[in-house]
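Okay, structure first, notes after.
The chains carry the letters A, B, C and D, assigned in the order they are written, with residues numbered from 1 in each.
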Amino acid sequence: MQRFITLTAQRRMIKVGILGAAGYTGGELIRLLINHPDAEIIFANSESNAGNKVHDVHEGLYGDTQLEFTGEMPFDDVDVVFFCFGHGKSEAFLKEHTIPGHVKIIDMAQDFRIASPTHDFVYGLPEIHREQIKKCQHLANPGCFATCIQLGLLPLAKAGLLYNDITVSAITGSTGAGQKPGATTHFSWRTNNFSTYKLFTHQHLHEICQTLNELKPAHSPHVIDTLNEGFQAEGITVDFIPYRGDFARGIFCTEVVRLDEQPSENELVARYKDFYNDAAFTHYSDKSLDLKQVVGTNKALVHIDVFGRKIVITSIIDNLLKGAVGQAVQNMNLMFGATEQAGLRLKASAF
Amino acid sequence: MQRFITLTAQRRMIKVGILGAAGYTGGELIRLLINHPDAEIIFANSESNAGNKVHDVHEGLYGDTQLEFTGEMPFDDVDVVFFCFGHGKSEAFLKEHTIPGHVKIIDMAQDFRIASPTHDFVYGLPEIHREQIKKCQHLANPGCFATCIQLGLLPLAKAGLLYNDITVSAITGSTGAGQKPGATTHFSWRTNNFSTYKLFTHQHLHEICQTLNELKPAHSPHVIDTLNEGFQAEGITVDFIPYRGDFARGIFCTEVVRLDEQPSENELVARYKDFYNDAAFTHYSDKSLDLKQVVGTNKALVHIDVFGRKIVITSIIDNLLKGAVGQAVQNMNLMFGATEQAGLRLKASAF
Amino acid sequence: MQRFITLTAQRRMIKVGILGAAGYTGGELIRLLINHPDAEIIFANSESNAGNKVHDVHEGLYGDTQLEFTGEMPFDDVDVVFFCFGHGKSEAFLKEHTIPGHVKIIDMAQDFRIASPTHDFVYGLPEIHREQIKKCQHLANPGCFATCIQLGLLPLAKAGLLYNDITVSAITGSTGAGQKPGATTHFSWRTNNFSTYKLFTHQHLHEICQTLNELKPAHSPHVIDTLNEGFQAEGITVDFIPYRGDFARGIFCTEVVRLDEQPSENELVARYKDFYNDAAFTHYSDKSLDLKQVVGTNKALVHIDVFGRKIVITSIIDNLLKGAVGQAVQNMNLMFGATEQAGLRLKASAF
Amino acid sequence: MQRFITLTAQRRMIKVGILGAAGYTGGELIRLLINHPDAEIIFANSESNAGNKVHDVHEGLYGDTQLEFTGEMPFDDVDVVFFCFGHGKSEAFLKEHTIPGHVKIIDMAQDFRIASPTHDFVYGLPEIHREQIKKCQHLANPGCFATCIQLGLLPLAKAGLLYNDITVSAITGSTGAGQKPGATTHFSWRTNNFSTYKLFTHQHLHEICQTLNELKPAHSPHVIDTLNEGFQAEGITVDFIPYRGDFARGIFCTEVVRLDEQPSENELVARYKDFYNDAAFTHYSDKSLDLKQVVGTNKALVHIDVFGRKIVITSIIDNLLKGAVGQAVQNMNLMFGATEQAGLRLKASAF
C-alpha cells in the first residue's frame, strides 16, 4: 500500500516578538502563531508574568507549548514585533525604546490608526490597503468595531452612496472589554443581560470616518464627520450605538443607510460582491446572517437588505480574530509575502 | 411579646378561566395568578393536556399548586377568561363558541389589537388607555415588542416630535419565540449567537403605528405609515430591526428619533417624567439602562440621550410580563377595580 | 356591579435593619423585604455607599423604592437586624458593638453556625429546628451548599442510613462567589465553562456534619467526620466536590449514599415525603429535577433514585433565596410569629 | 529582501466519503477535513439535503467551501468512508449495502464498539489501541462520555487500582444531544438550567467496562461489571451520573476512585504522566482544570487529587472533537500513516 505522508518542508520562518503578551489579544495571538506554518514566536514579553508558562496564563494552550513569558525584549532576534498594549501605551513605548529599523511593527492599539505626518503607520485594513500593507514597515491594526462597521459600509462609500446620516447598531461580546475584571464583565451581571455604552461617541468613529472619507468619490461633497463634543456635525455622521452582548466573542452589526431614491438591490449586491471579490476573508452572503457563522474564524460576512430608499447592511466578525489578532496575522502575512491565509485556516466554532 | 400576624381578609375574588393554558403565556399567567391576592384560577383549559398536573407542564410550579388542566370550559363560573392562543385562533374561537355576556375577555393574541367596527376590544396599554380599560368588557393585550417600542415613543408622539423616520433596534429573548422547539430556539444554535429577523416588516408595526397616530397632535400632518409591501411609505415610517438575543427573557430597545433642530434635553426629560408620572409600572430613569433591571418584573424603564438633533431612547421590559401576561393581569386589575399592582409586586430576578 | 377591593389592614410591622446592605445578599434581602407584607426596612447600612440610592447599587429596584443607604445603625428603632457581612466579620462586629437585648439578630455568615458554649445562635434550618427558631433571639442562617446538601440527606440521617461514605457533587451559580469581580467570575472566562474548587475541603462541611450527627439515631455508631487536614477520617465522610456552573443562580446537588443491602425504594420515598410533610418550602418530587424548577423561589425540591444498594439523591435550591436570604426571611417570619411564607410567595423565574 | 514562502507540496491525499453528512458530527467532520492538509472530501452524502450547499446547512462554512451534499455514494472513488449515522443505523446500512473491500470504514455510532466474533471493527481509542488502529480496516470510534471517562481511569485500570465501585459525574454540552430540536435542547429551557439523565444506565457504560476489563492486570480478580437491569452487579461498577450542562460544547468529568489504603500521590501522578507520555492529544495537568482549556481542540486533559484513600480524577474533552470527529480524524491519520496531528492543530476557543 502507498503511504500517505505529511510533508514538512524547510522554509524561512517569520520570527515574531510579542509585547504585552499576557493580555487577551496577546493570548489569542499566541494561540494563532503556535500553529502558523510560516512563523515562530521568539519571545513573548510580559514583565509581570516573566518566567511563567504561557499555558498557565492563557486558556487553551496546555500541552501545545512550553513557551514562557520573558521580561526581555531581544529585538535583534525578530523580524516583527506585535504591540499588544492597551491604548496609549504604544506611542509611549516608542518614545522610550528604540526598535531596530529592520524590525517591522504591528500595533494592536489605536495610537497610530489616524494618519499623521508624525508617523508612518499604515492602517491595516487589507480590503482597501493590501498593496500599502505589503510594502509597509509599521502597521496600525484596525479596531474591532471599526473593522466590522467599515466592512459593511466600504462598497457604499466607494460608490458615493453615503450622503445621509448612517445609523449603526453593533453588539460586542465581553472579550471586547479586555481581561481586567470589572462591573460590566462580572458574570453575575452580564449573563442574560444587555446594555449600551458610549452612545454616539465611541472612539472607533475616528478611524471609521477616516476610511469612509478616503474612499468617497472625488466629486462627492459629503464629508463624513466625526461628531465633535457638542454633537454639531458639519457633514454626514455615523450614529453608532454600541451594545454589550451576552456572549464572549463576536460583533454583530447592522447599519441603516438612507438614499434619496430607491436603489436597485441587484446592483447593490453586485457592488458588494465585486468589492470583496479578491478579499481573502470577507465575503458577501446572499442569506441573512447569524453571528456564529464567523466565530472562531478570521472571516467577515456581509449581507444587505433593501427597503424602499433604505439599505440595511449586516456585517459580522469575531472581535478577537478579524477584529484584532487574526487581522494582524493576515497583515503580517502580507507584509512578509506569505500566503494571506497562512495560519488563519481556522475551524469555525459553530457551537 | 406582641405577636406579628399576617391578616387574611375575606374578599370577593376575581374568578379566572384560561384558554390555551399549556403554552408559554398560559404558564406565566398561572405563575402570576396563583399568588394574586384578589384572583383565583377556576379552570385552565388545554385539550391536549387535560388531566395533567399544571406543575408537570409548567416549570417552577411544583409544590405550589395541585391545579390540573381541564378539557372543559365552564364559562358560567368565571368573571374573566384569558385567551392564550396563538395568533389568529382567538377570532376563530369566538366564531365557534359563545361566551356569556357577563364574562370579560382578555386576548393575548394580535387578533383584535387593530381597532375596527367589527369588534369592541380595547387596546390594553394602560399608559394611554387606563380609563377605557376600566370600563371595557373585551381587551386586546398589546404585543411584547409593541409595548416596549411604544413606551419609548409615546411622549414624543404626543408632543408632535415624530415627524422624521424612526430607527428602532429591539432585541428579544428566546421566550418570545414560544414553546415549540425549532431551529432558532435550539440551544446549540442560539447560545452565544445573535441574528435578525423580519427586518422592517414585523407584524407589531401595525399596532405601534395605530397608537402613534392616535397620540399625535391634531395639527400635525405627519402620519405614521405602516410600510406596504413595496416599502413605499407615504408618511413617516418606523424602521424596526428585531434581533434574536442570547438570553431567555426580556426586550431591550433603542429608538433613534431625528428632529429638525436641537431640542432641550431637560425639557424632553421633563416630558417623559410627566407622561409616566401616574403610570403604575413605567418609569423614566435618569441613568442608562441594562435589561436585568426589569427582568422578572412588570416594570418598563425608559431613558433618553440627546445628541444634537437626534434623540436616542432606550426602553426595556420583560417580554413575558409587561410584554404579555403581566400587562394582562395589570389590565385585569383595572377592569375589576382591584389595585393596579395587585399580584404584580414581583421580586426582580436581578441575576 | 360589585367592586373587587384589595384590602389593606392595619398591622404591626416587623422593623428591620440591615448591615452590609450593599453586597449580594444585602441586595436580595432588600428585594424581598420591600414586598414583604409584614416587614419594613428601617435602615440599610453601608458605609461606603452611605447616601446612595439603593436602586443605584442593586439591580432591579428602580421605581420600587426610594430607600438610601445609611452610615448609621439606629438599633433602637428595629426589631431585628440582619448581618450581611462577609464571613468572619459578624463575630468581629459583635465584639466591637453592642446591640440592644431586644433586637434579634439573623447572621448570614458562617461565624456562628457551629454550636458552641461561647454563643447562643440557633442554626436556622427550619426543616429540623422550627421550634427553636421560633423562640430564639440570635440565629445563624445556614450556608447555601450546606442547605442544599443537608436537605438531600436529612431523612436518611434520621433513619440511620448514613453509615458509609457519601459522595456529593454540587454545582453552584456565579452569585455564590459574591459581588467582588475576580478571575473566576469574569464573564469571558466563566461563560461556557465548568470547573471544580475546594474539593473535599469546602467550609460548609462543618455545618453539614454537625447536623447529620445531630440527627442520627442514638444507637448508631457512625459518626460523620469532617475530614481533618490530613484527610484521615475516623468516621464516615461526606466527600464533597463543588463545581462552578455556567449560570448565575441556583445549586444543583447529587448525593450518592451506599447501603449494605438493597433498600425498598417505596419505603425510602415514604420517609422523604413524611420528613418534609410539614415543611413550608421543601418538597419531595416524584419526577427527576431540573434547576429552574426552583430558581427565583424559596423552594427546595428533593428526588431520589435507587440502584441496587445505592441511593442517588438530587436536591435543588436557589442559592440566594433558600440558600441565603429567602431562608433568612423564612426564619424571621418564624421568629416573629408571622406566616412562614409571608413575603416568600415568589414567582418562579422559569426562564 | 528574502521572501517568505508557504510551500505547497504534491502529496497523495486521503480521499474521504461521508455518510450522514448533514448531522452534527457530519458537519464538524467537514469543518475539520476542509482544512486537513492530507485529506479531501470526495462526497458528503445526505439524501434529504442532496443538492444543497454544505455551507447552507452547517454553520461556519460560508466562504470556505462550495461543496454540495449528494444523494450518491461513489465508494470506488474513496479511501475511507465515515459513518455519521445515528446509533443502530450503521449495522443496518452494512446489511443493505456493499462497501468495496479496499475502502476503510470509520463508524461514529455505537454499533460496533463492543468486540464480537460477528465483526472486525477495532475500538478506536488511540491511547490504548494505536498499533491495532494503524493496521485496521474497520474502526468503531468511541463515544464522547466514554472517551472522557476512560481517559480518566485508564492508568488506574492498568495498575489494578480499580477494585472498588467508581463514582462518576460527567456534564455534557447540548451538542451531545444532537441536531434534532426537543424539549431538553430548547434554549428557553436549557439556558441557566441543569439536570441529570440516564442515571447509572447510560449506554456508554458498556464500552467503558469493556476497556477497563481489557486493561486490568491478569492477576486482578475485580471484573468491572456493567450493571444489569436489576442493578445487581457481580463485580465492580462504574456508577455514572450524566448531567446536562448549560453550554454547547465539552464534557467535564470527575471520577472518584476508592482504594483500601492511602496511595502515594506522587506515584500516581507519575503513572498518569507515564501512561500518556506518547499520547498525541492527551496530557496530564499538574493544575486543576476548567472546561475551556480543551473546547475547540482535540485535546484531553487529566488531573488527579488524592484525599486519604480516595482519588478524584478530573478529565475534560470537547465532545464533538476528541469525543467524536476529532478522534475519528486522529484515527484516520493513524490508519493511513499520516501525522497523527494532521488537520487537528486547532486553535482553542478559549472564550
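One rule holds in what follows: a residue touches a chain if its C-beta (ideal position, glycine included) is under 8 Å from a C-beta of that chain, and two chains touch if they have at least 3 such contacts.
Small disclaimer: the values here were computed from a predicted structure and weren't measured.
Separation of chain A from chain C in touch steps, taking the shortest path, is 1. In this structure, the chain pairs B-D and A-B differ in their number of contacting C-beta pairs, and the larger number is found at A-B.
In whole angstrom, the spacing between the mean C-alpha positions of chain A and chain D is 35. Chain B and chain D have centres, each the mean of its CA atoms, that are 47 Å apart. Rounded to whole angstrom, the centroid-to-centroid distance between chain A and chain B, based on C-alpha atoms, equals 40 Å.
Among the residues of chain B, those touching two or more other chains are numbered 59, 173-175, 188-189, 191-192, 247-249, 290, 292, 295, 351. Within the complex, the chain A residues that touch chain C are 24, 59, 173-175, 177, 179, 181-183, 185-192, 247-248. Across the complex, chain B meets chain C through its residues 2-7, 9, 11-14, 27-28, 31-32, 35, 37-38, 56, 58-64, 173-175, 191-192, 248-249, 281, 283, 285, 287, 290, 292-297, 299, 301, 320, 336-339, 342, 345-351. Remark: chain A residues 165, 167, 169, 171, 188-189, 191-197, 199-200, 227, 230-233, 239, 241, 243, 245-250, 252, 254, 256, 258, 262, 288-292, 295, 305, 307-308, 310, 312, 314, 349, 351 touch chain B in the complex.
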